[in-house]
Amino acid sequence: MELQIKQVISWMEKTNEKIQSNKEYLTSLDQAIGDGDHGLNMARGFQEVVNKLSSSNYTYVSDVLKDVSMTLLSKVGGASGPLYGTAFLKMSTALKGIETVDYPQFKKAVVEAVNGVKERGKANKGEKTMIDVWEPIVDFLQKQDNLEAKELESTAEKAMEATQDLKATKGRAAYLKERSIGHLDPGSVSSYYIFAALSEVLEEGA
Amino acid sequence: MELQIKQVISWMEKTNEKIQSNKEYLTSLDQAIGDGDHGLNMARGFQEVVNKLSSSNYTYVSDVLKDVSMTLLSKVGGASGPLYGTAFLKMSTALKGIETVDYPQFKKAVVEAVNGVKERGKANKGEKTMIDVWEPIVDFLQKQDNLEAKELESTAEKAMEATQDLKATKGRAAYLKERSIGHLDPGSVSSYYIFAALSEVLEEGA
Amino acid sequence: MSNVGIVLISHSPKVVEGIKDIIRQMVPDVPVELAGGTDDGSIGTNVEKIQNAIENAYNEKGVLLFFDLGSAMMNAELAVEMTDYEKVKVVKAPLLEGAYVAAVESGMGKTLEEVEKAARNVFDQT
Amino acid sequence: MSNVGIVLISHSPKVVEGIKDIIRQMVPDVPVELAGGTDDGSIGTNVEKIQNAIENAYNEKGVLLFFDLGSAMMNAELAVEMTDYEKVKVVKAPLLEGAYVAAVESGMGKTLEEVEKAARNVFDQT
C-alpha cells in the first residue's frame, strides 16, 4: 500500500459522504444511549474538513492530517471532537515530513492514533467506545505485512457490531450502565465509516 | 409589658425605618464578608412588610406576624429571607389566638423563633450569624420577670458588636474563614435593628 | 408509568435553564422544573418558585430537589416542609452533576431512593 | 498583586454565565473567563473557546479550569496541553460549587495549589 496526499484527501471525502448519508442513523444511535448529537457533530465536522481540504494546497500528508485534526477539534462540539482530533493529530505527527506513506509507516501512525485516543478518553478496549473499533484495527494491522483493503473493512465492521453486546463504562452511555447493552456505540459506527472509506480508497489505488 | 396588634405593626414600621436609613450600611457590611445584598434584601423585604400590614385588617397578633413571615419569605432573596421568615412564623404560631400578648407569652414566642432559626440555618451560637444576637436576647428574656425596654436594646447592641471578633462557620462568610474576623455580621446588625425597634415600641407603650 | 421529577434551584435563572438544556439532550421524558433567582429574577432564591416547581414536577414517583448555595438549601427545605406531598426530598449533591445523573436514572424508571443515591454518589462513580 | 484565574467550561453558555453572575456578587476582583457551548453557541464544548479563556484569565498566579461533563474535560485537558503557560490546571470538582469556592479562595490571594485543594474538597467542608 501507498498513501499520498491525493489518497488521504479522497479518504476524507469518502468518509464525509458516508457520514452525510448516515447522519440520521448516527443521530438515532446516539439518541438511544447518548445525547443524540453524534450525527450532527460528525456531519458538521467532516463537511468542514472536506471544505478545508478542497480550498488548501499541501506538500506533505502530515499537513493534510493536521488540518483534519484542527477542523474536527474546532467544529465538533461533542466528545468525538477531541477524540478524532487527537487521533488525526497523532497520525499527522507520526507521518511528519513523509510524502508517500508506506505500510509500516501507516501502521505506526494508527498505533499512535489509538494510543492518543485512549489517553484522551482515559478508556480502554471493552468500554463500548470507538476504541473498540480502533484497537481491533491495530491488532489486525500488526498481524499483516501488507494491507488487505477488504479485510480492513470487514475487521472494522465486525468490531463495530461487537459493541452492541458491551456495557458502556466510558462516555455518556456509561450513565445508562446495563441499559447501554443491546445498542451499537455511535462512535464505533462512525469509526467504521472512517475505515470503510479508507478501504475503498486503497482498493481504488490498488 | 403588653403587645397588641397596634404595637406589633408599629414594631415593624420602626424596623423598616431603621433598615431603610441603614440600607447602604448593611450593604457595605455584606460586601465585606458576603455577597453585598443584605441591605437590598432587608430594605425590599421590610418595605413590602409595611405595605402589606398597612393595607390589611387584623384580629390577632399572630395574623400580623404570619403576614410578616410570608412577605419576608417571598420578597427576600437571600438567606435572611427563610431565616427571618421562619422566626416570625414561629412567633406567629406560638401566639395563635391571643389578642394581647403578655411577657411570658412573648418570651415563649422568641424562644420558639430562635429555635426555628437555628434549625433552618443548621447553626448555633458562636458561628457569626444572626443567632449571635437572637440567642443572647433569649438568655436576657429568660432572666427577667418583666421586660426592660432599654436593657433589651443594649443587650442586642452588645451581642451585635460581639460578632465582630467571631470567625464565621455558617453562611457565606464561612467561605472566608479567618478573613471573616474583624467584621460585623450583617444579619446580626439587622437583627439588632429589629430588637432596637421593639425596644422603642415598648418604651412608648410604657 | 411516570418518572421521578427533578427540581433545579439556583441563585441564577441562567444556571438552571442551562442545566435543563443539557439534561434535555439526553433525557426527554423526565419532569424537570426550574426555580432560579428571586421573584423579580435577580440573583437569589425564592420559596414560592420552588413550591410551584414541586407542584409541576410532582407525580406518584416523587420529586427530588437540587440546590446550589446557602439560602437555596434553606428555601428548598422550607418548601418541602410546606408541601402536602410526601415523596419530596432535598438532595445533597453537586447541582449540575447530581441533577444530570438523577435525570438519567429517573428516565430509566428508578425509584426516588435509587435516583437520590445515584446523585449523591456522582463523584464516586467517575 | 494578581489572583489565580478561573475558567468555567460547560456544555451550556447559560450555565457558565449564571455561575459567573453568582461569583461576581461575592468576588469582584478575580479573573473569571467563560467557555460555554460550541463555536456556534449550541450545546457542547469547544477547545478554542477554552484556549481564549485561558489566555484572558492568565497571570503569574496561574489559571484553574472547571468543567461539567465528558467532552468538557477532554477539551480542557487538550487546551492545557496546547498552552505554553505552565501554571494551568484542570480541577476535578463540581463545576458550580468548586468554581465558587475557588473564586473566593483566589480572592483571598491564595496560591494555585491552595485554591485547587479547596475546590476539590468543597463537599467535605459542608
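Things to note:
When the chains are written out, they are named A, B, C and D in that same order, and each has its own residue count from 1.
Following the convention adopted for this analysis, a contact is a pair of C-beta atoms (placed from the backbone, for glycine too) under 8 Å apart; a residue touches a chain by one contact, two chains touch by 3 or more.
For clarity, every value in this text was computed on a predicted model and none was experimentally measured.
A centroid comparison over C-alpha atoms places A as the chain most distant from chain B. Distance between chain B and chain C, defined via averaged C-alpha coordinates, is recorded as 31 Å.
Chain centres here are Cα means. That of chain B falls 38 Å from that of chain D. Work out the mean CA point of chain C and of chain D, and you get 24 Å between them. Residues of chain C in contact with two or more other chains: 11, 25, 43, 69, 100.
Annotation for chain A: residues 35, 37, 172 touch two or more other chains. Chain contact topology: the protein chains form a pattern that is neither a line, a ring, a star nor a complete graph.
Chains that are in contact with each other form these pairs: A-C, A-D, B-C, B-D, C-D. In the complex of the two chains, the chain C residues touching chain D come out as 10-19, 21-22, 25, 36, 43, 68-69, 94-97, 100, 123. Remark: chain D residues 25-26, 100-101, 104, 108 touch chain B in the complex. Chain B contributes residues 35, 37, 41, 73-79, 81-83, 85-86, 120-121, 171-172 to its touches with chain C in the complex.
Chain D meets chain A in the complex at residues 11, 37-39, 42-48, 69-71, 74-75, 77-78.
Per the touch definition, chain B reaches chain D in the complex via residues 34-37, 172, 175-176, 179.
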